[in-house]
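Note that subunit A is present in both complexes that follow, paired respectively with subunit B and with subunit C.
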Partner chain A sequence: MDLFLQLLLNGFVNGSHYALLGVGFGLIFGTTNIVHFAYGPVYAAGAYSAWTAAALLGFPLFLAGLTGVAAATVLGVASYLLLYRPFVRRDAPTFVVLIASLGLFILLENLIAILFGTDKKVVDGYSAGIHFIGPTFYTDIHIYQIASLMILGLALAAFLRLTNYGKAIQAMTDNADMARVIGIDTNKVSILVFAIGSAISAVPAVLILLRDGALPNMGFIAVFVAFLAVVVGGVGSILGAVLGGFLLGMVENVGMWQIPTEWQSTIAFIVLFFVLLVRPQGLFKGT
Partner chain B sequence: MSEQLLAVERLSVGYGKKTVVHEVDLGLAEREILIVLGHNGAGKTTLMQAIFGLIRTQSGRVLYRGEPITGRKPADNVLGGIAYVPQGHGIFRSLTVRANLELGAFVVRDRSRLEEDMETVFEMFPILRERATQIGGTLSGGQQQMLAIGMALMHKPSVMILDEPSIGLAPNLVERVMRSIQTINREFGTAILMVEQNVRYGLPIAQRAAVLKTGRKVYDGPPEPLEDRVELMKLF
Partner chain C sequence: MEYLVHIAVMACLYVILATSFNLLIGFAGLFALSHAAFYAFGAYTTAILSTQAGVPFPIPLLLGVVLTAGVGAIVALPALRIGGHYLVIVTLALQVIVLQVLINGGEFTGGPDGIAGIEKISLFGWRLSSPHTFLPMAIFGAVVCTAIAWRIARSPFGRALKAMRENEAAAQAIGKNIVLMKVIVFAFSAGLAAVAGSLLARYISYVGVDSFSIEETIYILAMVILGGTGNLWGSVVGAIILVLLPELLKFLALPPDIADKMRQVIYGLILIGILLVRPQGILGEHSTAPALARRARKDAHADEEIGTVNGTEPGEVTVSARGLAKSFGGIVAVRNFDIDLRAGTITGLIGPNGAGKTTAFNMLTGFLQPNAGTIELRGRSLVGLKPHQIVREGVARSFQDLKLFTKMTVIENVLVALPDQSGDSITSVFFRPGTVRREEEENFNRAVEILEFVNLADKAHELAENLSYAEEKLLVIARLLATGAEVLLFDEPLSGLDPATLEEIFPIVRRLARSGKTICIIEHNLDVIRGLCDVAVYLDEGHALATGTPDELVSDPELARRYFG
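Here is the complex of A and B:
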């Protein structure tokens, strides 16, 4: 029973992490229809930039985190402007853009490995406080992971509902052609969602840097989980991405109660399979 | 041609190397209703999209109030007072009727006018007031078309371009939609450039008609002669 409670807690924490990854990816995918696989290495670049700022330049942690967010934002917007936009302007099929995105993924991931080496980077001198509730434990990082989802999720929801740009994003998510017809500059909106989505991705990246350290291939699992969360939750729904992320985190961890650990990553696929079998449009499409 | 509100001069449009619209001239005067007829694939939609800046032109130019606007971004055209109602219920299906209308006024910076303008739309289409909180995609076809026109009205355009507003509608609704287009023209002085296949309901409200045939203009003049089926068949 103690193990079950610990797994439940881990599931909730990992679920928050996956959910935030899903929100950033889903915002970009849902609005622009670009399957931005390079979201993974952009996320990794956020972690590496934060590490550079903290370990090499001696920035305080919070400032190092902001550096990571800024770097990911710039890289995300640059990947749209330099790579995706020329395809979008020529009305290239989604498939072509997808291949381009995979190319960028490989390029960026290798660039990180060349620049930083393939050994694990950790921020020396930081150790998260450990807390206990009864038989279960959690760390400061776990708290930050849950809190960052709540703060950023609510802030994004408010932005989408209350601001003009937020409404433009909603409109473009619903129907990009119609958005152009009513006078929305879809190019500007695309830049905006790449900026916001990439900035969001850097927050979980920095937290993972502090929790587990950074590796050049850390982006793969991140974009993979983000993609699953969005597809399970329903493309175009922020709430769907959050719930999809939680579902994955929960099932993956609570599953460990009875299933051997080596099956952990398989479980995510089984969830995806059954969800798509029953609801091909995702669980929360249109909400 | 200089006193025209909207003028198209020798405009050619196509996709890749294939030209669909060949050197078409078209003029729309202030407060005029111009109907553009033609068989399927004659290039009517392509022409409208090119005028509004949704697709690129190959040659020729578009003038609005005497200024060249060829290839200008749709966002700038909307800001300049041109509205576009695309074919097949151009609405946001996942948003409420009210949210759709608010988005119709997206380029209007003065938000204080919003309620007043929405009231104008509701007076023209009372059904939209009843359905204000309903999700757009759940409206009937006719209601969706009214919403699409209502959205275009929200930014008070000088020119409204409509691409087959009658498509997929029952005859009584076609008449209803055509009457509302006529009302918009009369009450607000909005010039109308309308593609329409429905000759029976479209022609009577038009002041002038143009006919496209395989991408070229073959008729431009009063609509009355086209009411004769034989004359019309010759042009098609």
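Here is the complex of A and C:
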């Protein structure tokens, strides 16, 4: 029973992490219809930039985190402007853009490995406080992971509802052609969603850096769970991505109760496989 | 020297992988990124059978091919339901699952360490233990596998694959069984990849999960994209370039792990670069129309009018539908719809937008199943049949949005639609090549005749995407005619054409009716209806309100009020 409670808690924490990844990815995918695989290495670049700032340049932790966010934002916007935009402009088939993004994925991931090496990077001198509720424990990072989802999720929802830019994003998510017809600059909106989505991704990246350390291939699983959260929840819905992320976190962790640990990462892929097979439109969306 | 031979062996293996992958993504248009998993299946089958049961060459290879082809056919199942990005993601997920199973497979798969000590191939007392001795084997494997892929790609089956890639609904509408085609192409692509895997296992005497990662799939993908999708020579060239190119890094004397990452960076750059600069790859796609145009034989058919339907009485009812109904959710699209179509007669289907005209066509041709009602062709029920089966029964349709196979030539668009091609069957492609070749020649002549009939013969080798709008409309008629169906349903074949072009097309349609075809046309333009149709059916709110000659309907004040509002 103690184990079960702990797994439930871990599931909730990891679910928040996946949900935030899904929110960032879903914003980009839902709005531009670009399957941005390079979201993974951009997320990793956020973690590595924060590590560089903290460990090499001696920035305070908070400032190092902001450096990570800034780096991911720049890289995300650059990948749109330099790579995706030429394809969007010539109306290339979606699979062409998707393959190009795989190319960027493998390019960036290996550049990170060359620059930083393949050993795990941790921020020395930071240790998160551990707290207990009865037999279950949690750390400061766990709190930050849950809090960051709540703060950023609500802020984004407010931004989308209340500002003109937010409304333009929603219009483009609904129907890009129609948005263009009513005079929305879809290029500008695309830049904006790449900026916001990439910035959001850097937050969980920095928290994972502090919790587990950074590895060059950390982006692969990140972009997959992000995609999974979005697809499970239904493309184009922020709330859907959050629910999808939580569902995944819960299934994966509560599954550990009965399934050996080495299969943990496989669960996500099996869930993805069957969800897409059975309900390509997502679990929480009507037909 | 030994090293160069080793590179040559690896190039042979990647030629197999790239050509088989191209079959799937370039020809069939199925972006399933799990090729390294198929490669792994072949390799592990050989490794396990060889080390744990001592089974000699070539049995593990053959078993691996069969097993992997079966796995490929199963992977085809998601491709039946989903396409586009989702297929890519599902198959990437599948690739990860396969890797995880191999890593967590314990003794059976050797876990993270892989399986070492795989017996080398021995042939006639020769043990192929060095790159030199293995090279002939690798070349032989590459030639055989490429020849198989080549045979498929250049056959009528390969042409049908391309049609399916261009437009699945249109491929069904010309009588292709796309479910079967997807399963077959997956099985072949996977089975051929397994040959490469089995050879690799024998060659390096070791298999480990690192050889079959996602990066490996992307590597093979880069070869196909670089060489050109839909061109097998391109894949051969792409494979050789991408095997050789990273070897140049050896001159930089980088540490091995950095060199390995640099290779990946180069693949990424090439993938991006080629897509930005030359998306069709180094070699473009080529036509599958027979190279030799045997025009001399044409005279044999010259006296037979195109589209002649034998044994029909003009005016005889061919298609008869009663009480058809279809609703989507709560919205009724068609209700209690009756129609009779007659041989030698042109029937017009008119009515406002949303009246249910296209829905009626969709039900008559099996693209939608009616909620109620019967459809019979000369007394045989068509309800419940799939679109491709209905075409073979003799009812074919065109689409309002044309759905031409745009990246295929004009004559290929017609060739692929011709009925009863033995080359559509994969067994005939391999075991009755003579019959297939003979039919190809006959079909080529037939296709030329059909193009001459619609005045498009001079554009035969043009890509369909380069045609003018009026020519596209003519090609739609030619393709529909090519199906050989006796009942032709045209969905707005004349919309958007200028009067001069209409005058060109009218006689074509009239000649078809005179030769015994049953014709039904959805049309909005009342002048067209009056100029062309013998009978018109007025459809409104999913129901046939009136039937009569066009003039009768036009002069009915009630209908005029409804139509013009």
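As a convention for this text, the second predicted complex is superposed on the first by the 275 of 287 C-alpha atoms of A that agree within 3 Å, B and C clash if a C-alpha of one lies under 4 Å from a C-alpha of the other, contacts with A are read in each partner's own complex, and residues count from 1 in each chain.
One rule holds for everything that comes next: a residue touches a chain if its C-beta (ideal position, glycine included) is under 8 Å from a C-beta of that chain, and two chains touch if they have at least 3 such contacts.
What you see is a predicted model, and the numbers here were worked out from it, not measured in a lab.
Legend: residue contacts after superposition of the two complexes on their common chain; A:Q170 is shown touching subunit B, with no touch to subunit C.
Residue contacts after overlaying the shared chain place A:F116 against neither subunit B nor subunit C. Taking subunit B and subunit C in turn and counting the residues of subunit A each one touches, the greater count comes from C.
In the superposed model, A:F159 lies in contact with neither subunit B nor subunit C. Of the two partner chains, subunit C is the only one touched by A:P86; subunit B is not.
Judged by the touch definition given at the top, the superposed model places A:T94 against subunit C, while subunit B stays out of reach.
Look at A:F59: by the touch rule set out above, it reaches neither subunit B nor subunit C. Put simply, subunit A uses no single residue to touch subunit B in one complex and subunit C in the other.
Listed in rising order, the residues of subunit A touching subunit B in the complex are 164, 167-168, 170-171, 174-175, 177-178, 180-185, 236, 286.
By the touch rule above, subunit A contacts subunit C in their complex via residues 35, 83, 86-87, 92, 94-96, 98-100, 102-111, 113-114, 118, 220, 224, 227, 231, 262-263, 265-266, 269-270, 272-273, 276-277, 280. Across the complex, subunit A is touched by residues 52, 54, 73-75, 77-79, 84, 86, 90-95, 99, 102-104, 106-107, 151, 155 of subunit B.
Interface residues of subunit C facing subunit A in the complex, by the touch rule stated above, are 31, 33, 77-78, 81-82, 84-86, 88-90, 92-94, 96-97, 100-101, 103-104, 214-215, 218, 221-222, 225, 257-258, 261-262, 264-265, 267-272, 275-276, 279.
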